[in-house]
Amino acid sequence: MAKDNAPFVSVPIILVNFKAYLEGTGEMGLRLAKVAERVWMETGVTIGVAPPPTDIGLLASSTKIPIFAQHMDAVVPGSYTGRVTAEAIKGAGAIGTLLNHSENRLQIADIQACVERAKQAGLVTVVCTNNPPVSSACAALEPDFIAIEPPELIGTGISVSKAKPEVITGSIECVRRVNKSVQIICGAGISKGEDVKAAIELGTSGVLLASGVVKAKDQEAVLLEMAMNAKS
Amino acid sequence: MAKDNAPFVSVPIILVNFKAYLEGTGEMGLRLAKVAERVWMETGVTIGVAPPPTDIGLLASSTKIPIFAQHMDAVVPGSYTGRVTAEAIKGAGAIGTLLNHSENRLQIADIQACVERAKQAGLVTVVCTNNPPVSSACAALEPDFIAIEPPELIGTGISVSKAKPEVITGSIECVRRVNKSVQIICGAGISKGEDVKAAIELGTSGVLLASGVVKAKDQEAVLLEMAMNAKS
Amino acid sequence: MAKDNAPFVSVPIILVNFKAYLEGTGEMGLRLAKVAERVWMETGVTIGVAPPPTDIGLLASSTKIPIFAQHMDAVVPGSYTGRVTAEAIKGAGAIGTLLNHSENRLQIADIQACVERAKQAGLVTVVCTNNPPVSSACAALEPDFIAIEPPELIGTGISVSKAKPEVITGSIECVRRVNKSVQIICGAGISKGEDVKAAIELGTSGVLLASGVVKAKDQEAVLLEMAMNAKS
Amino acid sequence: MAKDNAPFVSVPIILVNFKAYLEGTGEMGLRLAKVAERVWMETGVTIGVAPPPTDIGLLASSTKIPIFAQHMDAVVPGSYTGRVTAEAIKGAGAIGTLLNHSENRLQIADIQACVERAKQAGLVTVVCTNNPPVSSACAALEPDFIAIEPPELIGTGISVSKAKPEVITGSIECVRRVNKSVQIICGAGISKGEDVKAAIELGTSGVLLASGVVKAKDQEAVLLEMAMNAKS
């Protein structure tokens, strides 16, 4: 496996995926990134943001918030069109990347290649998974983070940490048999501070979420409440 | 079909695809965009650049050069991860997008949806094709530009306008039976001013190229020679 | 374009896609093919069946019904695994193939390659499309049949020929501007004889359907009623 | 994980992928399957064949040789077109399936779903991998077999068991940390009896190969020599 040159990310972490929501794109995305930056500064809880690929540079030049790409392609710099390399992500100012999100699944050989290339480029890797055996399989590839998201709960507002705690605890158990050190976070349906608290009490290092914050009427209030619950 | 809100692009055009080349990424990509801007200013010939998605914002805020995305996904703003919407492209400062590049082929229904969405968002569409019947099919979708690139010549340095003029003339003929107004450009193997001249003499509105400029030792000299040949 | 060696198929045609339904797989699929064969014999109306790839040989050796593959890959015989070539389809006993079904969309360059290869191999091509501009684009590739299926109606039981006649007539008009001779059929929501009659009265050469027959309690009664309505 | 209803396959095994080669399709594929059947009968060494999807039924009804599908899709019976379900594979007469071949890579979540569904349907699963970490990851999904094939050697005639023994031994070691019972075979460049012997001496349960047998002038002689070397 590649030497891990990725920066250290302190946990717990609240990682906000802006997806392709209008509220997370362009000027609105920048405003949300600044909200996240304030909450991070005020609470000391790590908050990361994953904007659309076209906005990484904008957020990196205008905020200090840790930025993650939403996706990376398993290609080296060269003759590829519309692909996102580790070098482009790093060059634009992100510190890490999501991989294998349920809305952008990767082939297993490509996850392995991406994890290796991202480490060499100094990017933190967060591999998304959907159940205990897949979590275990991805843990064998030694990413920095595994983010467990049961697809049936994504976007429902029903929190995985409350509705399906056994998916989280089962996945942690499966993952630990294969990999002792990977950080585990969880997602799907996280919309309140108590969901974050439940996730951490189940043994995770934080949460990955999207609409719960991006689509919230008062994004700052929601994020602040989550961060406060992550601390205690 | 959608009303075309895309900006007017004067032709002939020289459209430079930065691909995922290191020479076209980050700071190096910005430098190349400034080279292109100077040649455009000096010669009056339209030069467009297509940087990696992560660099659109950087180039848009630092130059006046017309910027094209390399790719767009056929999705509306919403719950998608790692995808590039028309809104994100427009918001980052590009004026148009390549579609269906040979290194990022699209399903036919998605090309149609992208052309329609891009027009609504005010983006110029350049649909890449590989031979006369496919050019004809894509012309029926009424994009602004068709870019014909025989895949077997891409990256070879053997110019389509000289080695396969019949692909260009045959495609123009096929396209015109279906669509009288779409602009037609061509690519593959374009590396010299005379290749550009030959392309225009065959009846095209310009060229799409990549390594011929991006990988050139003296990018400015090559681009300047091309622009001079496009004028005459 | 390739010389068309495909066999002549008399129209109107009722083309039944068995999909991956259990009722259309293995022994149950064979029984359904024999039902189709009886209705064809009794009424003289062409009925075609499209079973799963693994059942083409079984149906070809046990019935005389015209068989279509559900999908074909754009590859020549060679080093490909799990792909379906024109030669394999022909060798197993089918007379044609669906292409670009909404559940198995193809890139435009691959549709063109498949149409060309299928013609050379003597297979009838049926390219599925979703709206007027895509129908027009695919017609430019000169397949034998275009099958228009608005995706929003597939599997609903709401017949395209009754609910969206303008999609059919609009598509026919678009297609005829580009291609005078391609046969046009339509699908989505076809479940009764009157749907078939309406489709033919709108100017089509028949229908493509699936659940309306495959999932029917009395498959033979439904198919017979459809065939009777196709005749008149 | 699913209860494993798959039939017992005795090892060592020589598994021959017919790919989309003309020599492995239709009548020629049937002839090759009969060659394999004779060698199996004569030597007692398990020989499996993986024909194109369209030929599974033909081979199953004409020979007793163990048949594997080349690929399976991660879908349940239902509204899918051109997909191959576990039920269709089983119904056509195969005993197992390759998964994730380098020419038909799957997303990690789909490999897991396929392994689970195949087991329920009583199919043996052979998951192809490209290097030690990916082998380890796939082993966590508990298939029956892992088939390690370094892509850079596939089709070269340079045997992985001789040219890259460390990929085999390294993969075995990685796999055993995660899974004690999965069978491990290897492929890429296997063309002679001594390649098979070397593979088994490195600790594998056999080989997966294609052109070495399918494209051989004397298929029977090559296969017989391989089987003899597998025995000793």
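Lettered A, B, C and D in written order, each chain numbered from 1.
We adopt the following convention: a residue touches a chain if its C-beta (ideal position, glycine included) is under 8 Å from a C-beta of that chain, and two chains touch if they have at least 3 such contacts.
What you are looking at is a predicted structure, and each value in this text was computed from that prediction instead of being measured.
Following the contact convention of this document, no chain is adjacent to both subunit A and subunit D.
The greatest centre-to-centre gap from subunit D, using C-alpha centroids, is found for B. Between subunit C and subunit D, two chains of identical sequence, the interface residue sets overlap for the most part, with shared numbers making up over half of the total. The rotation relating subunit B to subunit C, fitted on Cα atoms, amounts to 180°, rounded to the nearest 5. Centre-to-centre spacing of subunit B and subunit C amounts to 36 Å, using the average Cα coordinate of each chain.
Subunit A and subunit C have centres, each the mean of its CA atoms, that are 44 Å apart. Distance from the subunit C centre to the subunit D centre is 34 Å, each centre being the mean of its Cα atoms.
The set of subunit A residues touching two or more other chains comprises 102. Taken together, the touching pairs link the chains into one ring where each has two partners. Contacting chain pairs in the structure are A-B, A-D, B-C, C-D. Residues 17, 19-22, 25-27, 50, 52-58, 69-71, 75, 77-85, 87-89, 91-92, 98, 101-104, 155, 210-211 of subunit B touch subunit A in their complex. The part of subunit A that touches subunit D in the complex is made up of residues 1, 100, 102, 105-112, 129-131, 133-134, 136-142, 174, 177-178.
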